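Structure first, commentary second.
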Amino acid sequence: MTSARDWRGLLFVAPFLLLYSVILIFPLLRGVWLSFNQVDLFGDGHFVGLGNYARLLNDPIFGTSLINTFEVTLMIVPALTIIALGLAMALNRGSRNAAIFRGIFFSSAVLSVTIVTLIWRFVLAPDAGLLGELWKAFGWQPLPFLSDENLVLPALAITTIWWSVGFPMLLFLAGLQQIPGDMYEAAALDNASRWTTFSRITLPSLRRTVVLVVMLQTAAQLQLFGQSQLLTAGGPSGASRTAVLFLFETAFGRWELGYASAAAELLFLIILAVTITQYWATGRATAAQGGR
Amino acid sequence: MAADFRRGRLTPLGWAALVIGAALMLAPLTWAVLLSLKDNAALVGHSEAALHGPYTLDNYVAIFGNSLTTRWLLNSTIVALGQTAGVLILASLAGYGFARLDFPFRRTLFVIVLIGLAVPSQAVILPQHELFAWLHLHNSYPGLILPGLIAPFGVFFMTTYMRGIPRELDEAAMLDGASRWTTFWKVILPLTVPAQSTLAVFTFLGAWNDYWWPLISATRSDMYTLTVGLAAAQMNYAQTSGLGYLMAQAVFASIPIFIVYIIFQKQIVRAMAGTAV
Amino acid sequence: MASLELKGVRKSFGSTLILEDVSLTLDAREFVAFLGPSGSGKSTLLRIIAGLETADAGEVWLESFRIDPLPPGERGVAMVFQHYALYPHMSVRENMAFGLRNARVPKDEIERRIADAARVLEIEPLLDRKPGEMSGGQRQRVAIGRALVKEPKLFLLDEPLSNLDAALRLRTRVELAQLKQRVDAAVIMVTHDQAEAMTLADRIVVINDRTIQQVGPPMEIYNRPANVFVAQFVGSPAMTLVPAQLAENGDYATLKIGDGTVVETRVPRDRLPPSAHFRLGLRPEAVRVVGSGEATSKAKVELVERLGERTLVYARLGDGQPITAEDQRDSRLKIGDEIALRIDGAAAHVFDADGAGYHRTGA
Amino acid sequence: MTKRALAALLALLALGSCAKSDHKTHLYLQRFFGECGAEYGGTTDVAKAEGECGIITTLVNRFNADNPDIRIDVNVVAWPGYPQLTAQVAARDPPDLVTMHEGVISDYASKGLVEPVDDYLRTAGISPTDFTDAARQGVTMYGHVYGLPWDTHGGLFHVNTALFAKAGLMRGGKPVLPDTWDELFAQARQFEQRTGEPYLIQSNVGDPAFAARNLYTYMMAKGAVLFPDRKHIRLNTPVGVQVAKYFRRINAEKLGTQNMDTPAAIAAFVSGRGGIYPTGTWMIGSFETEAETPGRPLYKSYAVFPYPRLWGEHVEYVSGHSWVVPARERTPQQREAIARFFKFMAAHNFDWTRTGHLPAFKAVLGEPRFKALPHRADIAPLATIGRPLPSYVLRQNAIEGIVGEEAAAAFTGQKTVPQALESAERRVNILLAQID
């Protein structure tokens, strides 16, 4: 019949769904199954039920790695959001200079994590790094960013913010472009101050973008891996070991596939919970405001 | 980009802050370029030597002389282009199916795809590795490309975009005797070009910068992507040819993506505007 | 030969019934308007004919072929969409050629048809433009052109004038009238504008509430509305309906309304159902402002609408019943004036309690 | 447009997947030791190459040149390369030859993931009795030989004699090294006061091997049994605590450098910014080059010795590099090529000792050209005082990572000594308990 309610529609979605089931759904279920087994990379394992999870909850190394992950996420996300918003507002204009600045602030986002860490190693390292040389030029003792347990997470955070400020900035720019100009004209006629204009017009209008940026960045930073592996190898003494690095070491260094899978599932649940909580909280807040 | 001056002028203080910020952005890049232009021996224990001459292009010459860097560059390009093309094709097809066609279990299937949005890569990467081993796909281009094709975001994005296209157009095409495929290919697809470019930019950059999957899948140096190759190089730093050479590798590896970026800068910004809908 | 034939078409969306048992026959080359308020089901009926919706029951025949099992492209119908639905990425020429290419019409034939249509519609200079570069009226004509080149057996126009401004609407109305002369096909136009339907259609199909209310030529619809709905939907301003009592016996019904006025209609009394309660239907031209000598009733003016060629007077009868009357073009009435009215019983309609209409014989 | 791009892409894919179409026997060799193709990629002159990377690169080039029917493709991985090898083995696509620390072989051998190499050795005409004792012990397990041993290596005190002279710590042209912990601290303080530079250069950052080596060595000296059985490690003992406290004191009294990773430490030593750099045999070649280059801070100011005896017995934790053959299907040609590679590498064991490592073959120890290499007389004792870790304990690489991480935390004061040692013990024991 002419109505499209038939199996032919499936042909359009089939290629994706097929790959999706094979490459995502199947591994996802397989990962859940593995997490209930004590199994190494090369041997047959045996079922241990929730044993791996019980072990994880009692594993201080995993606990530390989770805390590190949360800490570094908390260092990155708010700062990144505020900086990106500030840049977007400053650069939301048509001049040539603004375009050049936009280009500069986005430029780092095109680099891969290995290049970023390569460059930043020689910015942060006290002996050969740019900061070290600067400090020495002022006659100060260089700060051991990569080897002090209190400095290493901020160092990762700074590197990450430098690397990823571009995308949120562009998202905010896009959001700003969609605020109708007459709202600002009306505010100007009402003699609104800059701050009032920002807090009463700009920020509420960007609400959805802010939520989007915060959610995307939180999910991304909870999975921070390359910076920590390449820049500090999780050190000193695990002070910068993130949850994903823990997982990687467990699987490929210690061959503990089942245990690593359990860690992966736990991390998955945490990210899911955080994302849903953020979504729910902002959704409620928006509803309370009578917004969209 | 019309109504740009809606927030008045930037104060001199604002400009100063911007300039300082830009300097902070550029300083590490400049530092890397300077280091790459120095003789390796001159940098041993004295990286501050990079701040003054003499400079040399020897490190770059060495890359071309004998190194896998160019090969890694090619691999990264193939993988990034392959993933971009694949995601565009799959997401467009699926997006059209979900947006326009009615078939059994459509809602259920769409919800299943949406769930995929929340699955972080590390939850599946170990079994994926196992699966690809079983399929003998490691150390191959398909092996590097395929996992990146699973882009629930792409499907979601294209579905939303296509839902925004007036249904009248599909109906006009039906009355014009177009098949489902012709309608998709000739009528709807050309209208999704803005969405396609957005998705392409995201996918390309994501693929180009992907680290974990190539790290465990491409284990032979001739199949490394740039990210993995440079990771191997920097973790061997103590035993490698030297700081200048390492930086030259990094700079050299960044040049193509910077060129792409400069050429497509306008499209990228416009593409981002499309996402924030 | 009949052009389009609908037999017992029925359609519902989920549990909501949209069309109930619709049957209709179109003559060859007939221009028919589907007239009704929004939500009446008229668009759904059009889409069923086009093949964009599937009827739950019933058949659709076009020139002796049953077309409801066919996909839209093979039915021999062409449609002009409300928002034109031009393909934005194709030039005018490509827009018009698209359907023909799908039908594998030879290239030179396509060229010829496009050239013809472009000439007729005066859109030759636009052929290489894209829809985004044209005005609303130009797009409208391109949309018509796209339908025209297909040389269909049936044209379907979905609210073709609703997106145009007033001046353009009049002009396009003329063009549609000319189009009707030129094409060798039946035309169905969906509209909610009764003036459009009256001007253009050979016959009007008034649709409301899931079903066809009345089918007939414009003047018949106007003069002999089948029921209260048609009476009030067609004609502007709407017909005044006044509750009335059947007054006395005679060949024709004589009705008495609330303020005591007795109206002698020309509606044969024996056609009416056995009841004393009716409604009297009066179009403004049946109620005239007169000098007190000729008057049948008195009223008080509430609003005066000067239309130029005539003046409409909205007033209330003694018992408070609103009524619309007509005065000369140079009427000097103003709000609050007491006026005398003459109700022309010969032009009056009678509706029974179920809403069915009864009209004078003849005319 | 799109179609052309697609076609180009497909062409590229095709190009990439059929790159190897010559008629040579291909062997896939995977190693660490760094990437230096830029410097040595084109040369086969082994004698002129310096450092681990240069020598191994030119050796492979030389082998390829000498054996036109064989082509060795080299894959350089980040040190130590085991996560990557694990991924490859899990992907059932391991290389043909891999560099492996002797302590790690048993992990793979116990699962049948590497082949016994007895047959290859026989074909190559090599007898296990040719190996030094330490080397033979390192590669023999489960009644088979599992690798071609390639060197014995351990920690050494690399000394800047110019600074030692300035500190007044030279006697008869030789640096004075401490005999006891107390002497160590006294000499270190004297060194610091007279030169203004730190006594020890330490890489406590991102280098777990450094801390683990120090802990293992001085625990072994007091006769500590590190691994009482295959499931347990014992570190949190009075001896272990004492060793860690000594190293903690070095840091607390700022007698050693802080916050350095390996590259920084190497740079510091080469630049003459410290007296002793305790690191491995592998740096001898590079430092000797510095010592022979006029104008460099280390010019004619370099000496090297085994870790000094500070208490107990003079022993030292050593390991060795070997070549192993991961299990997979191979053609007879490939098997033959592996045997030829073994023969070639055995014949060139001397070249490798120029890096500073001790040879894996007894014969090389006696060769005049080996004895003629600088400092070899000074480090020769390593061959007799060297003690490998027991091969019955699996996952030595992961264990070293954990022990090193915790030991570094104890040394730098990030954790208290008992805390760190207790934590290291617990983590290692959990890891070992998981192994079937």
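Labels A, B, C and D are assigned to the chains in the order they are written; within every chain, residues are numbered from 1.
In the analysis below, a contact is a pair of C-beta atoms (placed from the backbone, for glycine too) under 8 Å apart; a residue touches a chain by one contact, two chains touch by 3 or more.
What you see is a predicted model, and the numbers here were worked out from it, not measured in a lab.
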State the pair with the higher C-beta contact count; candidates are A-D and B-D.
B-D
If you average all the Cα positions, which chain's own average lands nearest?
B
Averaging each chain's C-alpha atoms to get its centre, pick out the one most distant from chain B.
C
Distance in whole angstrom between the CA centres of chain B and chain D is 37
Please work out the Cα centroid separation of chain A and chain C, and write it as a whole number of Å.
61
Rounded to the nearest whole Å, what is the centre-to-centre distance of chain C and chain D, using the mean of the C-alpha atoms as each centre?
94
Tell me, which residues of chain A touch at least two other chains?
2-3, 127-128, 248, 252
Sites on chain B at which at least two other chains make contact:
45, 130, 174, 216, 231, 235
Multi-chain touching residues of chain C, meaning two or more other chains, are 51-52, 71-72
Interface with chain B, chain A side, in the complex: residues 2-13, 15-17, 19-20, 22-28, 30-31, 34, 87, 89-94, 101-115, 117-123, 127-130, 133, 136-137, 162, 167, 170-171, 173-175, 177-179, 181, 184-185, 194, 197, 202, 208-209, 212, 219, 222-223, 225-226, 230, 244, 247-248, 251-252, 257, 260-261, 264-265, 267-268, 271-272, 275
Help me check something: in the complex, which residues belonging to chain A touch chain D?
38, 40-43, 55, 59-61, 125-128, 144, 146-149, 232-233, 235-239, 248-249, 252-256, 259
For the chain B and chain A complex, residues of the former touching the latter
1, 3-8, 10, 14, 17-18, 21-22, 24-29, 31-32, 35, 43, 45, 47-48, 51, 89-91, 93-94, 96-98, 100-104, 106, 109, 112-113, 116, 118-128, 130-131, 146-147, 149-150, 152, 155, 174, 180, 184, 205, 208-209, 211-212, 216, 226-228, 230-231, 234-235, 243, 246-247, 250, 253-254, 257-258, 260-262, 265, 268-269, 272-276
Quick one: which bits of chain D touch chain B in the complex? Just the residue numbers, please.
5-6, 9, 12-13, 16-17, 19, 28, 32-39, 41-42, 51-53, 73-79, 84-85, 87-88, 90-93, 95, 262-263, 266-268, 270-271, 273
Footprint of chain C on chain B - complex, ascending
166, 168-169, 171-179, 182, 186-187, 190-191
